[in-house]
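Two complexes come next, and they have one chain in common, subunit A, joined by subunit B in the first and subunit C in the second.
Let's look at the complex of A and B:
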């Protein structure tokens, strides 16, 4: 398990996390509101995302590689090509097959896939340039309940520890699961599920017991059930300017999308 | 990356319409708010580390898998086991943390779509698991194996019902026709749910053998969770009935939505900000398009050019120094 955060000192890394979070959310919302088939607007949205990626010095190749991960979900919209709104047209080149497709459905399918791909790049940029601790502070500053922020903070602290434990367990299992060629190894599906279930059970058990120790440690450091508040600083003037400019640009791109889209 | 392939239940951005996303966000936020209130009020302060560490365990536990046949494998999502170990409200918080971090840090599921993903996995998954588990353990109180049957069915149905909700959201957004997405999602997750159920039973058996006392954590205060029980049963019933109905109609939900005009109403509300598709103050739509296009392109390419220049200068400086 690897987080996508790439440490750096680019201008994008230094912008206030609140500004980045708001801008990313606005980017994705405006892109979602852009109607299907608004190709010029999509190109501009993509250019904007790529420009910021360039500025942040995060490897664009890496972002593209990660952005492909959501692609399998496009399967869900694939049927739109054939079930989309009429009129239906025979497939070119395959007219003899007599398969009809809906041009509007095709436009919608391509638009959804493109939008999803561009949105994912925006989200990747946010997590590549913002450390989780800044994000947690941001949550608190945005008035997300302290209890919830504390839970996520604790979870993050123990996530890599426990996932290392899981990795070791998986390695132990595979090292005990050699299969002699020609003969079947291990038991049936139920046996395998039981082994995996036992692994899950022991992870949960260890975690519950670990949380007891965490609690004692917290108590010994003066935890009274209330968490200390983090200090809130106003957003710097420059960053506020960036945000307003960015939101204005997004609105403009969206308006262009409305005018050019179907 | 140990999380590839992405779990088919985490909806990425772009696949849900904005009205559907917003409604799902509102419902999820309300339910999570209630869960937080319950947790900070009646639960002990000791629960904060328990919920946090167990959320990490569920997240990491999702890496556990076993091969079924060929290339397919069984995975754990964990809503049911969290509900059984902690009770419904803390489980909502555990699943919320897991799904939120997956979306915000690991891009497993979208940011705008997070509301819907939370609704499916943290609300529906937990509520249905709680309802099914409570009902079946109630029936099979005398049998020692009742816990395992209840655990399996709770895990299986939480996955299935959540996937049906996911399919309906896609259909409502007009992204996927209901007559294809509902049966497809349902069938895939009826199988995935078996894997989930088997791992859950395995985990329960392990905990039953070592720390039997933990399995009583969840129903310590059953009276307080009556609402969850009722809502969970209702969700399961409604979705189990609604989905076949939606998919049996040729155009499925989209037809329902269009018939009642609520999608149009929602769309109108959003698009009326720019009346009649023209920029305010410019009456000719073609002219408005051209102007908006020119301004947008100029700004975007200005940004791109500026960055390119700055980048080049930085590189030149770097090479000059070295």
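Let's look at the complex of A and C:
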């Protein structure tokens, strides 16, 4: 697994992590507060995200692709199309079926999908331009409970180890997945699913055991449940300027959304 | 005698651009047991992963005269059994039987034949009594043997072993070496265990930074103290 952080010297990379985190959170909050159907505002939010991506010289294609991860979650709002507020209209092309849908619900569904897609892009941009250790320090400085910060830090640290483990296991499996020419093989779907389930179970057990070992190792080095606090330096003047400018811009976009949205 | 493994000028870079193998050439005769030694990061494991096409570098790897390509991976993997360093990676099924049966079932064999192959493989590693145990709660030495059985059940001609004795207690280690001595397959063994090398492998290949530094009779390589010290083996 590759780390998403892309080292670079762009202006976006240089900005204080606290500024970036605050801006990203504000971006997501303002975007979600924008009413549904405010298409012009969505386009501007997207443009803002894309401009920052351009400025930071991160691969835009990669960010857009990863942001599609939001889609499965947007599916949860799919029923809105049929259960949204009246009036209900018969589905075009399928009038004979007599299924009614709510145009208002459809607008909401599309809006939510777009909003989550754009929000995820903002979050991805943050993680692509900010090193995880800076992010963790920032979480602490923003008074996010230390336990959460510790959990996020450890998760990040061991995610890579576990994904390495999965890679090795998959390698071991494909090493034994041999079909001699002229014979049919590969096993049936149920058997394969069972094998995959076994692999998942074994990764799970090993992760739990590892967490026990890691915890004992932490305790034996004097861990008391709190990671050492980091020193904080005041945010540079320039960076403060960026933050205020950014927040102001976001408010403008939000106000535009209020005016254009339903 | 025709070589069972023939590697010609094999080079491989990791995705991050770090070179792992640099023009490695090696010929192995059927039935030979060869030790692959060298410090960590020398490229031993990477070389083993090329033998069954998990990695495909530039250059040529021939197994039984067949060049490894996307289309014949099935055949190649039936010939080359790879035993990974960490048996936990290799044992992914709930029970020993299911683990050892994975290869044969994947090959599409019928139930009776699968059972037969599993029994043979477990007998070969002296673990027949473990057939219904669950893979997870075995000792390291037992896991290692089962891991070897999981590839033996596919009746490979070549065994490629990565650090087979790492993490074993002295008795488990001795028993494993004895087992490897018994098995008739052609073997390529990547290891740091020089006593194993001396006992098991008449021929030794020494690697460093992705290159083969020395390739010859084990006696003369292990006797060369300067060579061993230079390449971090003593």
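Assume the second predicted complex is superposed on the first by the 175 of 262 C-alpha atoms of A that agree within 3 Å, B and C clash if a C-alpha of one lies under 4 Å from a C-alpha of the other, contacts with A are read in each partner's own complex, and residues count from 1 in each chain.
Following the convention adopted for this analysis, contacts are C-beta pairs under 8 Å (C-beta built on N, C-alpha and C of every residue); 3 or more make two chains touch, one makes a residue touch a chain.
All values reported here derive from a predicted model rather than from experimental measurement.
Touch criterion met: A:181 reaches subunit C, while subunit B stays clear of it.
By the document's definition of touching, of the two partners only subunit B reaches A:132; subunit C does not. Legend: residue contacts after superposition of the two complexes on their common chain; A:148 is shown touching subunit B, with no touch to subunit C. Contact with both subunit B and subunit C is seen for A:199 once the two complexes are overlaid on the shared chain.
In the superposition on chain A, A:247 makes contact with neither subunit B nor subunit C. Legend: residue contacts after superposition of the two complexes on their common chain; A:60 is shown touching neither subunit B nor subunit C.
In the superposition on chain A, A:165 makes contact with both subunit B and subunit C.
Between subunit B and subunit C, the partner in contact with more residues of subunit A is B. Contacts of A:40 after superposition: subunit B is touched, whereas subunit C is not reached. When both complexes are aligned on chain A by C-alpha atoms, subunit A residues 165, 169, 195, 198-199, 201-202, 205-206 touch subunit B in the first and subunit C in the second. Touching subunit B in their complex are the following residues of subunit A: 1-5, 24-25, 28-29, 31-33, 40-41, 44, 47-48, 50-51, 54-55, 66, 69-70, 72-73, 76-77, 79-80, 83, 108, 112-120, 123-124, 126-127, 132, 135, 145, 147-148, 150-159, 161-163, 165-167, 169-170, 189-190, 192-208, 210-211, 214-215, 218, 223-225, 249, 252-253, 255-256, 258-260. Across the complex, subunit A meets subunit C through its residues 165, 168-169, 171-181, 183-187, 191, 195, 198-199, 201-202, 205-206. Across the complex, subunit A is touched by residues 1-6, 8, 11-18, 21, 32-33, 36, 39-40, 45-46, 48-57, 59-61, 63-69, 74, 76, 81, 85, 93, 96-98, 100-101, 103-108, 110-112, 170, 174-177, 179-181, 184-185, 195, 198-207, 210-211, 214, 270-271, 274, 277-279, 285, 288-289, 292-293, 295-297, 299-301, 303-304, 307-308, 310-311 of subunit B. By the touch criterion given at the top, residues 49, 52, 54, 72-78, 81-82, 84, 86, 88-94, 98, 102-103, 105-108, 135-136, 150-151, 154 of subunit C touch subunit A in their complex.
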